[in-house]
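Below, each structure is written out as structure tokens.
Look at the two complexes coming up: chain A is in both, with chain B in one and chain C in the other.
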Partner chain A sequence: MSQTSGTVPKPLGQPAARGRRQVSRKARKKDRDLLAVIGWRVLLVAIFCALWQLAPDGVVPESAVGRPSSVASSFWSLLKSGALPTALGSTLLSVVYAMIIGAVLGIALGIFSSMPVGRWLLGPAISLLYAIPKVGLIAVFVILLGVERSSHVALVVSAVLFVYFYAIRQGIEEANEDQLNALRGMGAGRLTVLRKLILPSAVPQLLGATRIALPLALTSEIFAELREPSIAGLGTLLADSSQSLNGAAASAVLIVTVLIAYGLDIVLNSRVKGFTELTGTGLQV
Partner chain B sequence: MSIAIDRARTPGMNLAMARKVGLRVVQWLASIALLVLLWELLALTQNHLFVTDPLTTVKQVGTWLANGVAWQLTAVTLAEAACGFVVGSAVGILLALVVGLAPSIAGRVLEPGIVALYAAPKFVLVPILFVWIGNGFIPRVVLVVVAVAPVIATYTLTGIRTVDTARARMMQGLGASRRQMATKLLLPHTMGYIATGEVYVLPHAMFVAVGAEVLFGISGGLGGTIYTQGQLFNAKEVFAALLIATVISAILSWIVGRVGARLNRSRR
Partner chain C sequence: MRLGQRGEPSALQLGAERPQGAGAENSLGTSSGHAVEASGVEFGYGELPVVSNLDLKIPAGEIYVILGPSGCGKSTVLNMIAGTIKPTGGDLTCFGSPITDLNRRVSYMTQRDTLLAWRNSLDNAALPLEIKHVPKQERHDAARHVLNRVGLNGFDDYRPHQLSGGMRSRLSLARALLGEADIFLMDEPFAAVDALSRLKLQQLVVDVWLETRKTIIYVTHDLYEAIALGHRIAVMTARPARVRLEQPVEGPESRDIADFKGTDTAQHLYGVLWNALAGELGE
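Let's turn to the complex of A and B:
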């Protein structure tokens, strides 16, 4: 056995088994790489901040974007006064509400539309509704729901709903035909099939959908806050800062927003592997 | 292809296909009727200052089509979307080439930038851009660029990273030059991914352009009309602009579906 295994060609791209010493050396090299990567990142950010700090006011106006030093102090004062945490909490609350409502509605509609009656009724209607640029609807939602959080949530729901709709549809289409037939053959009802086969097998699609829906939800919520600044949120805080020509505060809020979005994406991305598989659900609001 | 044509020529197949097409047309008409009905109900229950009924909206679109306003508005929005799309694609491909082809450390250093840009809500830039460069054509295009570039970069990077390593090694072993590797292996493989990315980002560019117009509050363009006429309680104009934007968006989505499916098929 041991003799023949030596002649079997190893698959390309997979390193052959190595002694323990070599493995540990490799691990150490990886550590050093990581340090170098972090070092380079810090250096790049430092260079960027230095250029930003020293740029002439004519090119990079203080009133629009501030300077790193003033951004830091604004960030601190926004944090201490509680304005930033409140705004962040408010924005995230709207997003969470909308993600939950949007996911439930989208999945329910998707399941309904995979039935014969639903397909007949909903198929083209959903594609038409999907095509509406949702940013144009904010005024309509404000009329229907009032100058409140609910109008923001409605806008975000109208955006993320379709992502979940198309994701669950894809999941249903890709459910294993044999398992489906077996379940049905053994007398499983529609609900059992849904619970035992369709929903579990659609989990990858739904996770992928969440990775697309979350940035979309944040974008839509920020849009709603900028257009209808009825409730305090990151967008409202940013617009207020910019309008009073307090560029430093605006930049502080911008940086916080981007970092939050990035952090959420990282958390989600650790649960979703590929990116290319998700593209079927599109990107449009 | 020829097989499909031959099949279509047989009379039985033709009839079945005609029936299928007919059914789909009926289905679409039924769906549109359902939506129009819902819209009509909404218009009946709401103040006509805010919501107009479908018929008035379509009449308004007709007037705009006749006097050329429709084309003007559409041209403004499409120009922004197109400029942002082209520049954003170039920036995205460039970013991906730098990250993907540079020595591994440089790629790892820069990659979080692309991810952060992808995840960030683009509209936060609007207030700052407004103070910095005003509300002209350029800041709106900048917004579309910022939205398009990270998507294209992500697709291109996926393409670069999924190049068949076995084939690459074989080419190297046969003495291929770097240039040959790039033009014969990397480019054809990555082009497919770039094309897919371009297709999917196309409606997105349009959406960001409309959103930017609404937020910047300009008077031209479809989004600008939605905003300014909304401020004046001219619901007729608002809904007409919204309808035009929806139709354009639907056409773009249709193209995306068609081309996307073809690209997916050709890759397999």
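Let's turn to the complex of A and C:
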């Protein structure tokens, strides 16, 4: 990239200052590029909305998905009535409970099953349980736990647990054997090795697992609410709107769900990047 | 052929009370305790022998260099001494007791360093003390001291990926110094470092040895490195590894490594070692 083409050659000297100017110019260009990208994306969304709004009735099934204008007004009325915030709060609460329980259980089981006894005891059982279509368990959990939030949470736990289980197992398998021997040689016991080596080196896998588990948890929870809507949540709103044939409201709820999942993913991704930068993973040869 | 004769009066006892005079004595002594002894040690994967009929007597408190062609099984020998793999035959002892499990008396610097990527230099160096539950302030003070010793002062907050290869080697050495190992195993620790830094690191190894008088078992395929560091150099055969020649070297106590490499003694040793090694390369 020649930055001086077409201009009067500048005197050399003060290379440091020149360097700084180049860096800031680069940074500004990067900012401009980012703005352009955002602009294009907004434009694409606008075009999509315009087509959705203006397309003839035969092309867009209005009764099922509404139009942007009716979706917006449904969104507004759901927001104003408090139905949407309440449902969102309830859904997220179940998801948070389930993510915490699922992560702790999955990691604990994963660690246990990496020990000889655990592998012998749990190996086949875990593989069998993993093969169960989790959504089918909602009936079992309702019978076991009643029409309570706990049955929803149990369903979501049964889904996310395996994600963490296999992530930590992979982390343990990929732990550097030389580092392991080095720590053991320093007199580290099992627990110390776990705390100082295995868990920290499994952080990328666990963050990755969270990125997979979170949308899965949201999906499972909404399914549980659709199937067992007594605990009101986003799924309950979806069920209500489909029962009242209100496609616009259903679209509004789905869009909110998508935006929540997308926002959480952005946050998680920045955590992954933070860890990558901290450890230089992928940079170190 | 063995040049290292047994039964000579030991010049190099374990203690540090030895005079550090200018190249005073030849450190040929073997009569005092052996750090590592191997007799008839075998190792192989199934039918494939990697180490065969290995006899070694590594005197305590010396720098013992194992020199051999690439892939001859040098690292395997170190791994057996470290206890990460078990010999398939023969006897291998460390300070008289057989090595049955991970050897806690050694600190192992592998070819690829074992620093923890998420820790800064200070916490990496302090790890051995942290494992022994030394209070934070105390272990950080100790870590700063050794970081200073290996020339890493001012790099406390750097993580391994922010350090050069040579600096990572220094950090590994600093961490080893805070361990309680009696033997340092070094497997081509400076292979990935540029020539100038390597020279400085070799000098550092000699200096550290002078201060600690620990046994250092150093594996290399670099003739000059072997001559520069070793009190004793074992030339290995091509696979399966055996000792072809054991060559004593005038101890590097007062040695300036850069100068020593140019001396007649060094040139002569180079010839001897090369003759032994060349036979193994041609096959």
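Just so we're on the same page, the second predicted complex is superposed on the first by the 234 of 285 C-alpha atoms of A that agree within 3 Å, B and C clash if a C-alpha of one lies under 4 Å from a C-alpha of the other, contacts with A are read in each partner's own complex, and residues count from 1 in each chain.
We take it that a contact is a pair of C-beta atoms (placed from the backbone, for glycine too) under 8 Å apart; a residue touches a chain by one contact, two chains touch by 3 or more.
Worth saying up front: this structure is predicted, and the values here are computed from it rather than measured.
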Touching partner for A:Leu245 - first (chain B), second (chain C), both, neither: first
Partner chain in contact with A:Ala64 - chain B first, chain C second, else both or neither: first
Touched partner set for A:Leu264, first chain B, second chain C, both or neither: first
Which of chain B and chain C A:Gly187 touches, first, second, both or neither: second
Partner chain in contact with A:Lys196 - chain B first, chain C second, else both or neither: second
Which partner reaches more residues of chain A (counting touched residues only), chain B or chain C: B
Partner chain in contact with A:Gln179 - chain B first, chain C second, else both or neither: second
Footprint overlap on chain A, where chain B in one structure and chain C in the other make contact: 275, 279-280, 283-284
Touching residues (chain side chain A, partner chain B) in the complex: 12-13, 33, 36-37, 40-41, 44, 61, 63-65, 120-125, 127-140, 143-144, 214-215, 218-219, 221-223, 226-227, 234-235, 238-239, 241-243, 245, 247, 250-251, 253-254, 257-259, 261-262, 264-266, 269, 274-276, 279-280, 282-285
List of chain C residues in touch with chain A within their complex: 82, 84, 102-104, 106-108, 110, 112, 114, 116-118, 127-128, 130-132, 159-162, 179, 181
Contacting residues of chain A [partner chain C, same complex]: 176-179, 181-188, 192, 196-197, 200-201, 203, 275, 278-281, 283-284
Touching residues on chain B, where the partner in the complex is chain A: 27-28, 30-32, 34-35, 46-47, 50-51, 105-106, 108-109, 112, 115-116, 118-128, 130-132, 151, 154-155, 158, 165-166, 169, 193, 196, 200-201, 203-204, 206-207, 210-211, 214-215, 222-223, 226, 230, 238, 241-242, 245-247, 249-250, 253, 256, 260
